[in-house]
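You will see subunit A twice below: alongside subunit B first, and alongside subunit C after that.
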Partner chain A sequence: MAIPRIAFIFAITAFLAGLGVATFSELRIFLPALLRGAVVTVQVSVLSIALFLLTAFVAGIARAFGTAPVRWSAAIFVEVFRGTSLLVILFWFFFVLPEFGVVMPPMVAAVLGIGLNFGAYGAEVVRGAVQSVPRGQTEASIALNMTQFKRMTRIIIPQAVVITIPGLSNLTIELIKATALVSAVTLTDITFASVQQNQLHYRTLEIFAITVLLYYCLAQFIRFGGGWLEDHFSRHLKPRSA
Partner chain B sequence: MSEPKIRFDKVLKAYGPLKVLEDLDFHVDASEVVTIIGPSGSGKTTVLRVLMTLEPIQGGVMYVDGEPLNMMMSDGQLVPASKAHVRRIRDKIGMVFQSFNLFPHMTALENCIEAPIHSKGMAKSKAIDESMDLLAMVGLADKRDHYPSQLSGGQQQRVAIARALAMRPEILLFDEPTSALDPEMVGEVLSVIRRLAESGDYTILLVTHQMGFARDVSDRVCFFDGGRMVEQGKPEALFGHPRNERLKQFLSKVLEAV
Partner chain C sequence: MEWRWDFTFDVVLPRLWEAAGITVYATFASFFLALIGGLVLMLLKTAKNPVVSGIATELIELIRATPLLVLIFFLFFVLPEFGLTLPPLATGILAIAIYNSALMAEVYRAGLQAVPKGQWEAAIALNLSTYKTFRRIIIPQTLPPIVPALGNYLIAIFKETPLLSFVAVAEMMHAAKLIGSEYYRFTEAVTIAGLFFLVMSLVSAQLVRQVETYVKRSIQH
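The block that comes next holds the complex of A and B.
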């Protein structure tokens, strides 16, 4: 835990220092644009992560526990959204669907595309976790005459959630990096804002230093949060210390 | 003649072409303590697992208190049982596993009250009262807030027994309850089972390799071989004067090993 924490603090400090230096120099001319981009990146990330987690759990649990038609639907969803490139999915949502009368704002298209694409990957993580809960847990639940619903919600899923944390936090970090593609649907995120500002002002080093630090901070934040959640949920698996 | 507590009528259990139980006729009377012995792979565990409905059977009928378990009556005909029917009958049966199978994310007490609350719909305070009595009975009242990972094997198995009892079963199934334990912990678990056997409150079906214990607590011992019950009788008779050749071989092997 110590190294990510130090790296996190270091990165935040560096980011703020960078902002400070920029504010006191002529660089402040491009800062507002970068900040607006950062806000878009964070917005897309937060909303997509919510959809990603929801999709991962719904589709993963459907694949593990569903009746045959439910399992197949979930499997088809996973195959479609995993087998296609995110960029192409974004184009579909933003440019192709309007041809069928489905028009959505760029933010919605971005969040749907990213959330569903990563949700399909996450579904496999969730399914794997659910299936890795030992068979004896199911058998004990049956012997205690629990319904399948109670067995799922009270015994299997709580144990599976802990197992999903490392996999899902890795995917979350990948998701944040993938938000750089949203300029394809006309959103100006921090990456696109950097490119624009660089073309205007030619302050390549400063601009991209700020950009890279933003991504790094977000990733550290997830890594840190994931580690904390994992520790928190697996306390009971450690022998009692006192 | 009164109905036996448990009755197997020509039960067939097969994994693909492998017949693990073949035309098994078998019964256990109310409050009877029956031990199943036999070589590895003879189908002992399978008898308990099919009765607990952990495995479907491919033929025959299992009865509890005269009511079919895997089937049900509909218009005077036996038809495959509905989930609700199975749940109603299964409520009378509890099982203790070789590998405990406690819920690792719950404390000892939470393990015990989980099913009474969420399966039987018992009030939480009542479930806690009853489960604390049971934990005290198995000598673990002070471990109520410990997680399974914080308990020894013997303690985990005693929690598992308390958890099964919390559902107020009439029938208790034990599948080699001490096989996964370090030798010094076997005694504490056997003494709990002995008390349950002697109380007369439960009909008990036990699979064990502890021949001395089987002889002590059983009303009847059944010897299984190759998916069939080849000999059964009072423990003194079965251990003292075995008739079947395979049983003689089996006994000389296990008694030698002790």
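The block that comes next holds the complex of A and C.
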């Protein structure tokens, strides 16, 4: 299922690229700038996806199983970062924190802002998944005299991970789209590069078509990756073939 | 640099308060447009004609794969080329509305599909008119799952309005940026803007929860 679709997307991409080069020979003027922007987008995406997953699991598990003070601080973190707009968070990290003596390069501000913002959304997904593991599993592992650490790492989390995959891969696609905002902290990503190139060359339709196509391809990686992970982790649920 | 309360009260609050009006206006305008747009897209997607439904499905997928900011810039630069020059605020509202109607179409569809097929068959068996089928049978069962989801989209739209500052719409984030660059003090303006968004979305999340219980109660008698 996945492989024909990937081939299909590659075929379309190659076809459009060829068509573009053939039809609009100006493409070679602005394509390099757009691809440089794409590199920045990919860098920001990969780093913030790592931070997003880490934050989601730490905050989600803290909210579900922590002691009261841990639970409360996780809840406050989630509400603050979910309740404010991502753009405001990015601005705050980049322009306000220096006033308090914390100066960070734009890349760090972007990754922190996006990672923490989406981590707060992801924490709720993880919390829901962890809490939906049947209670009998916890009780059984207590009856088997497992330590709490072992109970979490061997019993609860492996079962919760499967449940989180669709939700988290949706959020990851949203995250990639949200990286379009990083021009607010002076990074030149695809979106900003396309606005710049548009002001230089006025080929709006072509430039934005390429931009949308690049985002679409990035999202496909996550969609297929998520599908593959889901298959991989839920193999034990499928009926065995003889 | 320390926090200055006099600056906060004399400059930041009045100007942000003015801009808050635009933010709220843009939120509700694009929410209502998206409510209608989502319904239209959903009807097109579930149309009998496979060509129409295929095109609508691909359109929804394309819009969902596009970042909102790219859509805003796209409309902002492309509409004038077709001779349609709208003020930035209208362009922004249109972009947010299009983006969210693609998302809401899925919500409507899920709500409609949640109604068991037997309900339709029973309505036909009882010889109810189309109007009565929808008014008495289908819509009351569709609303409970849809309303909370739509409420969440209202909050999401509210948090998307700062993107309009990229095309110079005078909403809160734009006002905060302007104050920052005029006085070279970002601290107060951006923090207050953030607090405003936090408080507003917490309050509206509470409101959505109340509407949800109200809808549930009023439908289950």
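The rule is short, and it goes like this: the second predicted complex is superposed on the first by the 223 of 242 C-alpha atoms of A that agree within 3 Å, B and C clash if a C-alpha of one lies under 4 Å from a C-alpha of the other, contacts with A are read in each partner's own complex, and residues count from 1 in each chain.
Operating definition for what follows: a residue touches a chain if its C-beta (ideal position, glycine included) is under 8 Å from a C-beta of that chain, and two chains touch if they have at least 3 such contacts.
Being a predicted model, the structure only gives us computed values, none of them experimental.
By the touch criterion defined above, A:64 reaches neither subunit B nor subunit C.
Look at A:163: by the touch rule set out above, it reaches neither subunit B nor subunit C. By the touch criterion stated above, A:142 is placed in contact with subunit B alone, subunit C being left untouched.
By the touch criterion stated above, A:210 is placed in contact with neither subunit B nor subunit C. Here subunit B and subunit C are compared by how many residues of subunit A each touches, and C touches more.
In the superposed pair of complexes, A:95 makes contact with subunit C only, with no contact to subunit B. Of the two partner chains placed by the overlay, only subunit C lies in contact with A:181; subunit B stays clear of it. In the superposed model, A:33 lies in contact with neither subunit B nor subunit C. Of the two partner chains placed by superposition, only subunit C is touched by A:79; subunit B is not. After overlaying the two complexes on the shared chain, residue contacts for A:154 are found with subunit B alone; subunit C is out of touch.
When the two complexes are superposed on chain A, none of the residues of subunit A touches both subunit B and subunit C. Contact residues on subunit B toward subunit A in their complex (touch as defined above): 52-54, 87, 90-91, 93-95, 97, 99, 101-105, 107, 114-115, 118-120, 146-147, 149-150, 163-164, 167. Subunit A makes touch with subunit B in their complex at residues 134, 136-137, 139-147, 150, 154-155, 158-159, 162, 236-240.
If you check the complex, the residues on subunit C that touch subunit A are 1, 62, 65-70, 73-74, 77-78, 81, 159-163, 165, 173, 176-177, 180, 186-187, 190-191, 193-194, 197-198, 201-202, 205. Partner subunit C is touched in their complex by these residues of subunit A: 79-80, 82-89, 91-92, 95-96, 99, 177-181, 191, 194-195, 198, 204-205, 208, 211-212, 215-216, 219.
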